[in-house]
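Structures for review follow.
Look at the two complexes coming up: chain A is in both, with chain B in one and chain C in the other.
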Partner chain A sequence: MTAGMSMTQRTEWAVLATPMVAFLLLFLGLPTILNLIYSVSEVRFETLRSPTLTGLQNYAAALSDPAFWRATWFSTRFAVVTATLQCVIGLALAIFLHPLLRERSWAVGILMMPLMVAPALVGLMYRLVLHEFVGPVPHYAYAFLGWSPSFLSGATVFWTLVVIESLQWTPFAFLLFHMAYSAIPAELREAGLVDGAGPFDFLRFVELPLMVPTLVIAFFIRFIDGFRVFDNIFVLVGSGPGGSTASLSIYIYESFFRQGAIGRAVAASVILFITSFAVLWVLTRLAARRKS
Partner chain B sequence: MLQALRWVVFGLVAFLINFPVLVTLVTSFKTPREIATNPTFWIEGPTLANYASVLTITDRLNLWAYLWNSFAAALIGSLLAVLLALPAAFAIARGRLGRHTLLPLVVNLRAVPLIIFAIPIYMGFQLVGLLDTRLGLGLILTIVNLPLALVILVNAIEELPVELDEAARIDGAGSFAVLARIVTPLCRPALTTAFIFGFITAWNEFLFGLMLTTRVAVPVTVGASFFFATAGGGVQWGLAAAVMIVAALPPMVLGLLMYRQISRSLLGGALKG
Partner chain C sequence: MKRVITSGLASTVAVVAMLGAACAADAAVTVVGWPGGPEETALRAVVEIYNAKGDVAAEDQVEVIFFSREGFWEKLQADLAAGTDAFDVNLLATYSIGRYAPFMEPIELSDEAEAVFGEAVLSTMQFEGAQYGVPTDLSLHFLYYRTDLIDELLADEAAHERYAEIAQAHLGEALTPKAPDDWTWDDYAATALYFTQAVNPESPTRYGTVLQMRNLLFNMMVWHSLPRSYGGDWMDEDGTITVDSEAYRRGLEVYKMLLDAGATPADSLAYEYAEANAAFSSGQVAAMLQWNAAAGELMDPATAPVTSDVTATVAPPTGPDGRFTHIHGLGFGLNANAANPDGARAFLAWLSTEEAALAYALNSGAPALTPEVVAKVAEERPDLVQLGAYAGAYGFVMRGATSAEALSVYELQAREFTGHWAGTQDLDTALANVEAGMAELLQ
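For the complex of A and B:
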């Protein structure tokens, strides 16, 4: 088709794609360039139009800031822990509940509900849920255990946030697994059982290997979302006791808005930008190599 | 036996993952006095007073304004994303334009933390006067929605038989006519899904709402947090709960109506990414 494509037709395709490309250049391309310029300049809110070049000072400021590294560590740890939890629980649920959900899509709908609620609102809701006087969780903890942990103190806050994030987003992983598991042909299952494979052998040697691509994708998506987490943490605890819950997104936001350290915030953005694209580039190459 | 256990697990999971919404819903029907004394799931004297007062406009807080801001910005953000993505998806699917460059680039945007672009966008908006406007917020929400809209529409167009295009071209139709008369009507389900999903995503967005608005164009996800910070006597939990339920309701209703299509497109989008 491409070979026989006329000049006018090729122009037409280009024209059709132009609005989107122009929009992306304006709202993402231009900001990228501005990021690069501001990251090597000294800039304040009063001098936005006339930044003075200073070289790599901003990068040095970001890279020598302990808070930057603490935020990087928080984001990484949070992303690994939540993505792993969500994939393990989501996979187990999808397989265990499959006979129940196969013919009942309304039940899948109920499990999807948390995905529809804004994470920022969920974070606010947990202010109520975990409140020591009006919240039901401390109330029932006292009633049944006679004791309630302070969920948002320095020692526990990380795991509280992990649970909050996982309760909301395990349904996403579950949904991907549910659909992938449902797509395994029934004949394959029957053939396996005829061959005398027990259900657990069959799960281990046939079904799980078939699910591996979905597992990789789900982990990747959940990792990314965990790494860039902002909304629910920000509204619930901000950057937390002693900055202990600042993700990289929160770090950049606070550097910019609270501390007015524009240069450092922009340099951190560029570092995050380069890292993201490097990781994505490597992953895309790996995926392409596996296909070919 | 095993089936009964499955129902138990299902019920437990459904309760746990929806727990914050359920607690908030129950609290929103309690009087302030009851909230202070009874944090359980049981409501002794149900009341609609919280809803009545949050939906009443006062000088200090105006929930309707936040809802309108969210609606307007989400509408721009979802409609514009679909309008920009449709012709581009057509060119990618049928013209193989940028199949290995443009498409992966846009799709990968979903995996990039958008805060990276937030600071220059903030400064640019300040220069051109788009800060604290519904239009400005809507334009950024368009960026948020574009990747998934593009994937959904490329998938949908690739599923259409190419013979339809070719027949129309033999009759003398150009690319624009094929798009307008053949592809667009046939893609209506995918267009709806992309639009609804984009609307939900945009309504639920928080970070750009927080950064790019201050007073006039504040969306409800940001405005809801204001109800936690008002008055001297601490948080009025009944009001705050009612606000959160009202703010969470539109995307939940849309999601329930559309969950089959949405789950399918989530999966499609995930596999392409």
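For the complex of A and C:
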């Protein structure tokens, strides 16, 4: 009877899981296989259904393209700077605002509002906000200071993008840190006070070590988001003068659609995938080692 | 459990059946248009006229759909390459015909087409000798300038000395002010510098001009009129790439000099059509090169209250090799996988008649019409007379700019030349990179 029930259950689970498995195979498995084929093929829009295998030429083309390395450098620098900024500011806000938010938790919702705006819309919004003749920021800078700042010139555009990205995504890091900080048992704080620990010592030697896993996760998520950034930069400044603001995602998009270099674009995306997977694997190993 | 599975399957089958029935019933001619501007208004108007005709069968009625402008051509290319039959008629442009031709079919125009548009305009929709589209909108560039500022400068003898000093300092020649219709590119640059507060603190405007220098293929089209007037072209008759030339160097240097001198906003490296219009209509810019499509916005008191009544247009400045304006056309052609090709062909043939062209013109479109035809709407659309005249007298297309790789060439030039303007690479490197890239793309 028990064996019969198990068989029925297995059948039911198989039937229920089939749509999801089919969905994953169709929408993730098939494109992955196609990508791998295209990445080792000579392929154009006219020959999408009949690519010609050419070996690793597309990988060589991507790796020898200065624009690929420029985009890799931009993505890496952007991801490190924005993830660091967001984590530092988010952590500071979580600790500084903790007494207030403990009493008025609804205020967290207000701080989360930037997250609700689509990144592409953020790019569009700042195209208006920063425009010298219609944007409020340059208008008031000129009206009160007689100074007409340039936010999107070659010299300033990177840092403008960093600020915009950080303004939108710092609340995400803040939310993680707020939850982690709130989860530290009150007894620990009381014990620290009894032992005579000052607030900075307590933060440094007790609270921060307890928050390290959250810090690592937050940094990792923000790093990945910063590394693959596309929407807001693309809408605000495109790939920038000389390709100076082209992230790897923008490089892949432009190679594929605008230059018609489908093989090179797909090869670059495979390289990106392998690299991301390697970073994830290393981090997972480090986390496992720390846990053990 | 069985009941759940049976219900699920039955629901799925029902939904699929309903979708299939809906598709089967949908036999109209579907047209993908250029969204959000006068082109959309004009297309909707002519479609309404066409659908109201008694001899258009119910299954050949036309319906229009629109993508967003952002990434329009990429989305269209992906759809065409995927063999979609979701639309029968699609937009195409002079610079993209070569890329889309493999997924489209040549069409037959009406007998009136040549008399309505003229051979030169029809050729903007041709690829390898075949007609792929009906030309509906022609785009070229005007020099927009402030009449009040220029008139004052021309009348003020005392200002001429200051003007000459500025020209001597930046251009190596003491120029005197002229009327915009007589400007060379040096006159344009000198005037732009004169009306720049960073150069001339007495200037009534903050900037003398506003340049569109964003890394964008359309901005290359605006800029191309400059090197062309110095004899620049993409390639010579033998197919040799000729971009590394004095003409291109001159054009690049003029833009960089104006940017470095502060004659255009420092953020011009992120500017395109909309940003330039906003700058000009703020009243803080004296002159700019811009698409003809902006005329309506810049000369309408409702959208440009500060400057509309003191804004005028002429053709772009002249150079040693003549006066030029880059032209390209938008039009409609036939998807090779059209679900209703006969209905689509009938609509396209009608679209090339005088009736359709005049209706398109009277509803905000910008077709380039022959003098005989445009005369019929000259009162309502005087700008179309100017459009046709400039296209005929100064219009040019770079050699190779209708090839399958034309879009990629524009993209390549935009990336390399904006890099030079931003100071991230020198002129020789930018030109060498473009030459090498174009040789790979076009040869």
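Methods note: the second predicted complex is superposed on the first by the 273 of 292 C-alpha atoms of A that agree within 3 Å, B and C clash if a C-alpha of one lies under 4 Å from a C-alpha of the other, contacts with A are read in each partner's own complex, and residues count from 1 in each chain.
Convention: a residue touches a chain if its C-beta (ideal position, glycine included) is under 8 Å from a C-beta of that chain, and two chains touch if they have at least 3 such contacts.
Quantities reported herein were computed from a predicted structural model and do not represent experimental measurements.
Student: With both complexes superposed on chain A, which partner does A:35 reach: first (chain B), second (chain C), both or neither?
Tutor: The first partner, chain B, only.
Student: Using the touch definition from the top, say if A:244 reaches chain B (first), chain C (second), both or neither.
Tutor: second
Student: Touch check for A:278: first (chain B), second (chain C), both, or neither?
Tutor: neither
Student: Considering only the touch criterion stated at the top, classify A:25 as touching first (chain B), second (chain C), both, or neither.
Tutor: Neither partner.
Student: Which touches a greater number of chain A residues, chain B or chain C?
Tutor: B
Student: Give one of first, second, both or neither to describe whether A:56 is in contact with chain B, with chain C, with both, or with none.
Tutor: It touches nothing on chain B or chain C.
Student: Could you look at A:236 and tell me whether it touches chain B, chain C, both or neither (first, second, both, neither)?
Tutor: In the superposition, A:236 contacts chain C only.
Student: With both complexes overlaid on chain A, does A:188 touch chain B (first), chain C (second), both or neither?
Tutor: Neither: A:188 stays clear of chain B and chain C.
Student: Per the contact definition in the header, classify A:14: touching chain B only (first), chain C only (second), both, or neither.
Tutor: A:14: touches chain B, not chain C.
Student: Determine, under the contact definition given at the top, whether A:148 touches first (chain B), second (chain C), both, or neither.
Tutor: Only chain C is touched by A:148; chain B is not.
Student: Starting from the residues of chain A touching chain B, keep only those that also touch chain C in the other complex, and list them.
Tutor: Shared contact residues on chain A: 12, 48, 127, 131, 133-134, 235, 257.
Student: Considering only the defined contacts, which chain A positions touch chain B in the complex?
Tutor: 1-2, 5, 9-10, 12-14, 16-17, 19-21, 23-24, 27-28, 30-32, 34-35, 38, 48-49, 93, 96-97, 99-101, 105, 107-122, 124-129, 131, 133-136, 138-140, 167-168, 170-172, 175-176, 179-180, 214, 217-218, 220-221, 224, 227-228, 230-231, 234-235, 248-249, 252-253, 256-257, 262, 265-266, 269-270, 272-273, 276-277, 280, 284
Student: For chain A, which residues are in contact with chain C within the complex?
Tutor: These residues of chain A touch chain C: 8, 12, 15, 45-46, 48, 67, 127, 130-134, 148, 150-154, 157, 235-244, 254, 257-260.
Student: Along chain C, where are the residues that touch chain A in the complex?
Tutor: 1, 5, 70-71, 74, 77-78, 80-82, 99, 102-103, 206, 213-217, 265-267, 269-270, 275, 278-279, 282, 284, 405, 407-408, 411-412, 415-416, 418-425
Student: In their shared complex, at which residues does chain B touch chain A?
Tutor: Within the complex, chain B contacts chain A at residues 3, 6-7, 9-10, 13-14, 16-21, 23-24, 27, 35-36, 39-41, 83-85, 87-88, 90-92, 94-98, 102, 104, 106, 108-124, 126-127, 139-140, 142-143, 146, 150, 174-176, 179, 200, 203-207, 210-211, 221-222, 224-225, 228, 235, 237, 240-241, 244, 247-248, 251-252, 254-256, 259-260, 262-264, 266-267, 270-271, 273.
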